[in-house]
Amino acid sequence: MLLAKVRGTVVSTCKEPTLSGVKFLLVQLLNEAGELLPEYEVAADVVGAGNGEWVLISRGSGARQHEGYFERPLDATIVAIVDTVSLDGGNLYSKREDFS
Amino acid sequence: MLLAKVRGTVVSTCKEPTLSGVKFLLVQLLNEAGELLPEYEVAADVVGAGNGEWVLISRGSGARQHEGYFERPLDATIVAIVDTVSLDGGNLYSKREDFS
Amino acid sequence: MLLAKVRGTVVSTCKEPTLSGVKFLLVQLLNEAGELLPEYEVAADVVGAGNGEWVLISRGSGARQHEGYFERPLDATIVAIVDTVSLDGGNLYSKREDFS
Amino acid sequence: MLLAKVRGTVVSTCKEPTLSGVKFLLVQLLNEAGELLPEYEVAADVVGAGNGEWVLISRGSGARQHEGYFERPLDATIVAIVDTVSLDGGNLYSKREDFS
Amino acid sequence: MLLAKVRGTVVSTCKEPTLSGVKFLLVQLLNEAGELLPEYEVAADVVGAGNGEWVLISRGSGARQHEGYFERPLDATIVAIVDTVSLDGGNLYSKREDFS
């Protein structure tokens, strides 16, 4: 999985039928120092992530391992909202501090 | 999924038998600012996308999660036509404005 | 799928048993302007592609969606010989012109 | 598989339900000379890896080929703790020396 | 598949249980001119490849399409030892010459 930050939303009315009701968020990937990378993903959201939050995304067939998602044409899903990231014994990110 | 822009068509008469009737569009990937990236895909179209439109493409096994496509040798499919992309609270793309 | 040009052949006598009888071609990827990229693939050929021809390759599990190929250890297959590629309303490639 | 070094931990309380009880470690990829690459992964740990250890990670659907993990939305897993890496007849890494 | 050269071995005693008995070789990828690329893989060996030999590796789920390997957490496997590679009508590599 990769760390990413929620930055926006993608809306589509004309889409593959089984994608009805799937929420698409635009998330930008983060490097291991917590900085935004140029790479992004449009990911399905199954955890209710909000703008600005750090999340974990799963890509490939891993993105469909969720009840009701196994046969939907998705290749990226937000599978967790990150609380804390620790690195080399220090604290890289803490949601409580970021959002308080 | 990634954002891409429809730019062309690929035609082939000699192909793997199960690909008969599949429409191949050449789509060029977009970055999170809506600019064309050097990367492209030749993607199957299951939503009737038109030239110049922004679309979402799904790659890998996700590209085959569509009725009748599960056992076709495809690794990229256009799964949605994009209406709007919002980023950091602003509006990055709106199909209505782009095509009016 | 990606556009590629057939440039050579790879021969192996000592290989995983189920690969017996599979023809391996060396294909070099093309960018959306039809220029050779540094990236290549050794791909199974199921359409009878010839040297110099433009082809479509499918990678990942998509490479095995062909009768008799589902359980062979392949991750790249030539699935179509390209006739024409049109881009932005113009003609990028036409097999007839290239081979006449 | 790729070589990586364990550098940290990612904690999440709000996550896809089947990820409960999965331990997420932040591992940074190593090149073939044993130097840290800019690329990292947040990987599930099924072998009990510790901070600073060299590990092998498996990505994609390979990350879920473990009892109880087949239908969890994961795309990266630590599948081995590395004892030694030999390269061109020499010894690139030995866990005994590194941790003694 | 990609061309790679066998350069070393990775040994691990603490690993995912189904990986017992799998031999891991460190192979470095080659470009289409036969030069070493910075990219490597730690690949399972099912063909008995030796140091310095050119091989074909299959990655992703293709790496597990081998008897007894379907549910092992692997994402890269050596599936063939290369005898010859021909490119643009010339001979890029011949095992007989390289090892005589």
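As written, the chains take the letters A, B, C, D and E, and residue 1 is the first residue of each chain.
Throughout what follows, a contact is a pair of C-beta atoms (placed from the backbone, for glycine too) under 8 Å apart; a residue touches a chain by one contact, two chains touch by 3 or more.
What you see is a predicted model, and the numbers here were worked out from it, not measured in a lab.
Visitor: Considering subunit C as a copy of subunit E, what rotation angle in degrees (nearest 5) results from a C-alpha superposition of the former onto the latter?
Guide: 70
Visitor: When the centre of a chain is set as the mean of its C-alpha atoms, what distance in Å lies between subunit A and subunit E?
Guide: 33
Visitor: Going by the touch rule set out above, which residues of subunit B reach two or more other chains?
Guide: Expected reply: 60-61, 63-64.
Visitor: In graph terms, nodes being chains and edges touches, is this line, ring, star, complete or other?
Guide: Its topology is that of a ring.
Visitor: Report the order of chains around the ring; begin at subunit C and proceed in the direction of subunit E.
Guide: C, E, D, A, B
Visitor: List the residues on subunit D that touch subunit A in their complex, please.
Guide: Those in contact with subunit A are residues 7-16, 18-19, 24, 26, 28, 38, 40-43, 51, 60-61, 63-64, 71-76.
Visitor: Spell out the part of subunit B that touches subunit A in their complex, as residue ranges.
Guide: 1-3, 31-32, 46-48, 56, 58-66, 77, 79-89, 92
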